[in-house]
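What follows is chain A paired twice: with chain B in the first complex and chain C in the second.
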Partner chain A sequence: MAKDKKLQTNQEVEKEQENGSPFSDFWVPISAAIAVRAVCASYSDLFEERVELTSVVYSFEKLKDSIAMVDDGLNPFEAKNMHFPPLTLHLFRFLLNTAPTMILPLFISIDVATTWILSSAADVVWRQTHGSSSIRKLIFSLYAFNPITIVSTGILSLTVIQNFVSAVILLSLVTDRPTICAILIGAWSSFTIYPFILISCLVFRSNGSIVKFLSLVLVSALTTITFVGINYLLNNQSLNFLGPVYASILNFSSIQPNSGLYWYFFVQIFEHFRSFYTMSFVVLYFFMPIPITFLIRKDTILHFTIIGFLVSIFFPYPTLNQVSLLLAFLPVHDVYKKHFRYTILIAGTIVSTVFLMPVMWHMWIVSSSGNANFFFGTTIVYNVALINLVMDMIFVYSRRQIDLEYSDALKKNTKMDFAFY
Partner chain B sequence: MRILTSYLLLSILSSCHGLSENFDEKLTLSPVSKNELRVDFRFNSEREFNRKTESGDYLTFPRIIQELLSRYSVRKLTVTMAHGRWNLIGWGLPPQPSSPTGAQVFAEFEADQQEDADERMKFLVEALNGVLCTSISHINVITSPEFIVLKNHGGETSVHKRYGVLSGETTCTENLTRLRKLLACKENGISTLLHPSKLYNSVYHSSHLVVEQQCDKDQCNSKMEVGVSVVMRNPSQKTQRHWSLADVFERKLGSQCKVARSSKIHVIGTTGEITTTDVKNLTTINGEEPFELYIPITDISMKQSVVKAWSSQGGFEQKHGVLTVHITNDESASEIHVSQIIPYYVHLRYSKINWKCDKNGVPRIEKIFKNSKSLEAPTLLQYKMKLSAGQTCELTIPFDKQLLRLEQYPPDANHGMHIPAASVYIQKSTSTYTIHSNAILVLLPVPDFSMPFNVICFVATAFALVFGPIQLYSTLWLAPVVKKSQWGRKIHRAILLAIIAFCLYAHMMDINLNEIRRGIETYFEKLNELK
Partner chain C sequence: MENLLKFTNKKLKLLEMALEISKDGGTTRPKILDKILKFRKVALIIAYIGAYLSAQWLFDPVNMEVTRISEHSLMPGLVTPKFDKSGIAIQLYRRFSDLPKSKSQQELIHTIFSDLGLECFTHKWRSKVAGNPMNGENVYGFIRGPRNDGAEAQMIVVQLGRSEKSRRMMSRMLAFVDYAKDQVYWARDIVIVFVDGGEKNDSIEKAAFALDAFLLKYQKIEALNSKKSITVEADEIQAQTGALIGGVVYDLSGMAVKGQHIVNIQTNGLNGQQVNLDVFNGITKIADSKHHSRVAIFGTLHRHSNPYMEYSPFIVPMRALYTQAFISIEGIHSVLGKYGVQGLTVGLSHDYSEKQTGQFIEEVSRMLNNVLERLHQSYFMYVLADDLHFSSIAMYIIPLTILVSPLVISAYFEWTKIQEFQFPVVHLAFHVLGFFYYIATTYVFQTIGTTFVLQWMQWPFVGIDGCDGQFTPSWSLINSFLIFFMIPLGPYVFLKEPVRCVPSMRIVCLLETSLVLYGICLTNFGLAILCTAFVVPIVFLMTYESSDRTRSIFRSSVLAILNPISVLAFVAINIPGMFGQLFPTISQDSWLAAAQSIALTAIREDVEFKVNHFFLLCCFGYPIWNMLFACSMRYGPEPQGSLGIFGNGSDDDDGDDDDGPQKTNRGHSTKKNKRE
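On to the complex of A and B.
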């Protein structure tokens, strides 16, 4: 029944789109997005344990475990594998105790709001470069009808909230509100640390003034400290949450199979090299935005996309949903389109690995006809595809700069080579 | 006679220091069905001494045990080792202290701080490995369980309790040999019947060591009990109306333990009546004329009713699973304490743990959830509840199996790892006892052990794929290729091609490259000489 309904609404969307009335532009896609998510939520038990869509810091089921512990008067941070900051715990504990039925509608509305904010942000960028035409509808459907976002909302993955914050940061970045951006980045970093490198985007919103940039960094850091302080107060003035929440992200300690880059590495690494690799990965990650910021000086939005991808690729406990916001945002970079080298390769790899992940997982864990290498193979290829996408973006930026410099003198297939600066 | 007088002399001497020691041995034989015989050995040793005037003399009490007690300030220690599973329905009440499959250690320490007790437990376990020839170094230790886990370790709160179970540990002949070494009579008396080949060829085998020390100021009292309990199937292959000692143990009782205070053999009959033979009173016993005893083959009519507990496992994959502990009460109401150790390699789904009961529904349950901080320490779940007569309750514990680090896996990783048996302590108006359910073997997800280097290479390569381009694009300038004469490059290529062609030629013509090298070397040498 529900599926039929969904199909109908989809058809309606298509019909209405031809008319182009405000009704079809706005209400039909939104209600379709809501309907699809609601339908998916009723099948959530099929997906809620899926390894690609949940991880220790985003799984709602794990959050419920922690909340159950708080309800029983236990300290969840003494248990193993509890990585939610006290703020998340108490917020969702309050929601679960007062209005448990409202959680799904809340998640759906947050996700649809994310879609709306993202498409508005894309529209602002698009209007700056392309004048009157609009890209809103395309971006909206790319995010709203991406199966991964739909399923993630259905299983109440906390990545939905993360994507929402990410979209708001993007919108305030494109509409030139750096302070809001800094506050949001700071707040978000207090949950998973890694997004802090997004602060490098604000270099381009400081009007070239280093004082302004540093004050923005300070605002962001103060927000993080405030949030940690709130956590400290909520946790009965005990700092024992620092280890499970933050240290576990920085030292990869509770790593389990996920769609990320590191899990198998930290299973297989020899014990005496573990601390070396842990440190070098973390140091390199936080160093990465510096050269990229020097490199991509003339396109804030591309810079944001690249840094955003790096945040999701190198996060120790990622899910597939982390990149869906940025993937949906890619069509905005229309001017670079003709220079992308590996479009079909990357798209094909991402799609096929996403489909292969559950297959390999089944072969490894359920039917035992394969081993861990199978699943590792798909995750590493998926991550390499994302990495190649990011590196391609750096290439297209450089290529575009040459185009701007030489204008018509170059043909599309002119050979490029590196020269000393 | 000479031995006796010397023994008397010694005892007189030692009594001057306030020292007295006793040793008792007992063997109980009870047929539990027509082809199953339960055998219980109990050796009790006792030592009373004054801490100040102690001379360090040991008559019957093993010195090593006394040293363990004093060095680690142990108040009470229980070690059990068992294999097989006690059939609660067929055999009734298990031997107390009841033992789960594998090894179990319960120690109570006198210590000022938790850390002291932790450290003492660590050393004690290592010492036990030496004393009992076990290998339980990686036992999962629980800090001070609050509800009662074992009957003989009651609710005393002033001591630091440490409890650990290792389900994978197997018990075998070495352990028995070491236990025998603790006895006052190793070669005489009832201990001669501790014949491993028969005792281990059985459906159930458990052995335990219980040590206790109580001091009132300087006057101390140490007790030790060594017990071996065995259930044998078809002790005698012959069809006959009774089993003899020779059938059961492949040994005959040919000597007496002279230092023992008492030495008795009990045979339990059909209706529970006990026939006692005092080995000390037998005058004619010696090597040529051994003592023989006959045990009637009966089907016991009087079975004790006991609370039953068993564990089962659900789930079909290597990632998620469910542990279910079933407890069925007998005909009278009882209070039970359930303790379940969850080792570090499975993580609980705390919000999904639940109790289900038939009859009057779920009773009021007090629960305790105890985490241990360190990385490989287990978690303890304890429940206390009152069950009405005949009630069955089920505890469901869903869990996630963890992918461990490579070095955390045992050598046979695909065998799986154990979740220890649940311990159930039962308190009735008439009696108290503990039973254990069975241990569960969980299949953990395993990585491929053969390729750590490949994985490290792949992931490091993926990382390099990020850093290479970033480094390249931020230090070099991307520029269109300008056509100009490239003679240098062409010559370079030609040389490379020539070398490849030569190598191929050499390969095809089976030219030994070493010979060529040698030829070049001699050529260079000649050039040097020319100088």
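On to the complex of A and C.
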């Protein structure tokens, strides 16, 4: 009995060591995360106009402009570059009028909550695959102390809220709560449309039942419709917000520089080809999840990560912060680590291009020693690196399946002739 | 036939290599990379030799591109000049010379403009920088273009002053104004600014600041950002014209030797910006074909046309690089680039007659009068060898790439050996600390001055200097900064808490250094190449793997001395010894005085003009220097790379013969460590 007690005590000590103290594991990192965001906010004027960190649909400055139009009795949806749905407008108008000083603490809280939710989701996955919980701290640090997330919170980028929703969806997915997932995907889609393809992840939470999956799609669609209805009511029962909010995303009409793929293309293209390419890009985007879902059937989390990357890469008005959540979540895919082929190449490219974007912008806009090609060059290489990452993730999945299924036949020197990509 | 066979074999081999790459889905490392890694140990020497040879070839004017005017609209500068107001210029010179002390030059200029029937205003400004208080009063006027659509304008700048050259230049400029107001061909308004630079030695910097204050208001920077400038307080501009496309600063700093006029042209702006090469070419052509004058750049004449002395063809490119790197305010024009205005300083020959000066200004103004849109053709990034030859970025980036390559190769070598990458958190901490130094120092210089005290509530403290509430004696900002900046925190931090994976730290240091150098290169090549020449060997040698105790102590000690400011001070003091009279030298001859001078200049220029030297020093130089200690200090044995002719081990024989304490075995997250 005494021996058992001793053993139990040892186990508890080990468990405590594994978990660490709440002070060092919880309060210190969270306090640090809050502190760096607060400090960054005091230097927000250095970053708030950086096109890599804000875009027409995530810029708080543009949101304030739109709210000012509402305050002045003007219809904001008659303005050229107004892409915020009425719900966002009225919610932030209320906050700005009632508690403007609370907006920064609110954004900081949301971002820190995102960090916590993300690390919790990673923890759940890690426990399922490895049986221990050593990943939590790492994921927390990767998101909380990523300079891009810090700066984005400091400048009150709306991507902070997007990342929060994305983290909650991820947590719901890993804890097997498909209905919450469907509702959140529907709600989020009512703001920017593109996240709707995340619904494909729920195929793996439908227990093989097509009826259940369709019912989840229906729940998601109904949520979207509900939010559109709320927007309709808030907009004085007018549907004139549909064009600026939704059509502008589907037809890439706002072609200001950003870190995405499309702006430069649509600046350069002849007008009579525009509709063809618009249709092609939209169809391609909504088609992409189908083959990926057919291929990656045995790993829901990897599937979610890939689809999440696609949402971020192919969104017409992205910012660098959109992939922060998914990049921080990558260490969870530890089982595939040995098969990744271009880790240093992709990591080096992403870091280099993020560093070079402000340099190229300076060359183009400030010193005139470069032109738009310079900036676009870095953004396209950045996006190619992300696409390479997605392709590498698809490759590692396939490679691991071969290992699992043909492990008996494989020898150390077996050569497999894959295509280069 | 034999040749054809050889060629086919060669192609087949290449194809074979390509197929080799694709085997196993590309998971096998391409052999070419293995071959490159074999040369890692000698990469630094090869890179230095390669960079030297390539620079030797690239910067020889014989191999450079020949300048030409790309913007055809600039060609109308080559017109028949008709300026004929020499008499007015002489009269005005007398008025400036006889100006009573009770009347300022600004008032006289204002009166002259009014007499000519032109708009003229004064513009008072004051520096809000506590560390370098200044104030002054500019005068500006307009010549309205009859064919102007109001969209664009050009700018002419002259510095006020009581010296003979200044009086001559002002009077000639006003005579040109008298002439130009009657011409009908102006398609751009001309803004003429007389900037107040004072009379002291530092008048160029003050005049540049005065022009900066004018442009800040003219370009509506504050109105656009809805934020007040923290460095300048100035009057609003009272009349406006179009966007400034080009600006020329005139003075009489040129020379005449045995009847040969020499025009002195300065082209460098802040942070490596340079004037559009078309503007330089246009003025060079005007000087040469219309005035038979030679053009001197960086104080040096065209090598091929200089009958007075023999010198190396590399002197001008070297001076161009040095000036671009370290001389932020080369002339008053240097601040123009900050506001998107293509500008340069033209030092006309002091022996030019009034007529010749007026005609020169007329031709340059008529050249800029025809620019159709913002200058965008031709080159913004170039290194001049003389007035006829230049090297563009596509060429001059080659030596820098070669020089940086050892760092990239080393980083890749570390990556091939590493088994688990652990991002060192201390990396971020040092950057935050460096940024804090930057913010704190510039804040104190901006708001308090060059000396400061810590202050508490007034009662009951009465300070040492008698100041109420003074908590400490007065401290010099520069000395405090130098103390904090030059104390190596790295050894303390890494002895106390060794990094868990030294190779990860090496990769981070090597890649960050490469990236920063390349980033600087894209905006300021001179700074990048000169930094690279010193930084690359330091970073390469300090990150080289070695568990030998003596070597680690030795190189860590050397690294402690090689603080970025120490290196700069050392180079600054020893310039005459290293380069003869090639570069201007700083007056201080003690090491400490040089370091103080460098730090003060960097801080002042950062606050006043937003020159990024100080930012780079604090936010990249300081963190990288400190992080290098993690690589240079002693750590346990690490696996030899299985690659290359110099490494003969494999990843499996790592650390098994480790006899050092576990705490110092930080070479890798080895399999042994994993087992533990």
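We take it that the second predicted complex is superposed on the first by the 389 of 421 C-alpha atoms of A that agree within 3 Å, B and C clash if a C-alpha of one lies under 4 Å from a C-alpha of the other, contacts with A are read in each partner's own complex, and residues count from 1 in each chain.
Please note the rule applied: a contact is a pair of C-beta atoms (placed from the backbone, for glycine too) under 8 Å apart; a residue touches a chain by one contact, two chains touch by 3 or more.
Note that the structure is predicted; figures quoted are calculated from it, not measured.
> Given the superposition on chain A, which partner contacts more residues in chain A: chain B or chain C?
The partner making contact with more of chain A's residues is B.
> Determine, under the contact definition given at the top, whether A:141 touches first (chain B), second (chain C), both, or neither.
In the superposition, A:141 contacts chain C only.
> Would you check which partner chain A:344 touches, where first means chain B only, second means chain C only, and both and neither mean what they say?
second
> Considering only the touch criterion stated at the top, classify A:352 as touching first (chain B), second (chain C), both, or neither.
Touch status of A:352: second partner only.
> Regarding the shared-chain residue A:261, is it in contact with chain B (first), chain C (second), both, or neither?
Only chain B; A:261 stays clear of chain C.
> Is A:366 contacted by the first partner chain B, the second partner chain C, both or neither?
In the superposition, A:366 contacts both chain B and chain C.
> After superposition on the shared chain, which partner residues are touched by A:399: those of chain B (first), chain C (second), both, or neither?
Both: A:399 reaches chain B and chain C.
> Quick one: is A:281 in contact with chain B, with chain C, with both, or with neither? Answer first, second, both or neither.
first
> Could you tell me which stretches of chain A are touched by chain B in one complex and by chain C in the other?
366, 368, 371, 395, 399, 415-421
> Which chain A residues qualify as touching chain C in the complex?
45, 141, 145, 339, 341, 344, 348, 351-352, 355-356, 359-360, 362-363, 366-371, 395, 399, 415-421
> So in the complex, the part of chain C that touches chain A is made up of which residues?
Residues in contact with chain A: 21-27, 227, 271-274, 276, 337-338, 340, 342, 374-376, 380-381, 412, 415, 425, 428, 511, 515, 519, 522-523.
> Report the residues of chain B in contact with chain A in the complex, numbered from low to high.
Against chain A, the touching part of chain B is residues 316-320, 344, 347-352, 367, 369, 371, 373, 375, 379, 400, 402-407, 445-448, 451-452, 455-456, 458-459, 462-463, 465-467, 469-481.
> With touch defined as at the start, can you tell me which chain A residues reach chain B in the complex?
Those in contact with chain B are residues 49, 51, 61, 64-69, 72, 74, 78-81, 253, 256-257, 261-271, 281, 284, 288, 291-292, 294-295, 310, 313, 364-366, 368, 371-373, 376, 380, 383-384, 387-388, 390-391, 394-395, 398-399, 401-402, 406, 410, 414-421.
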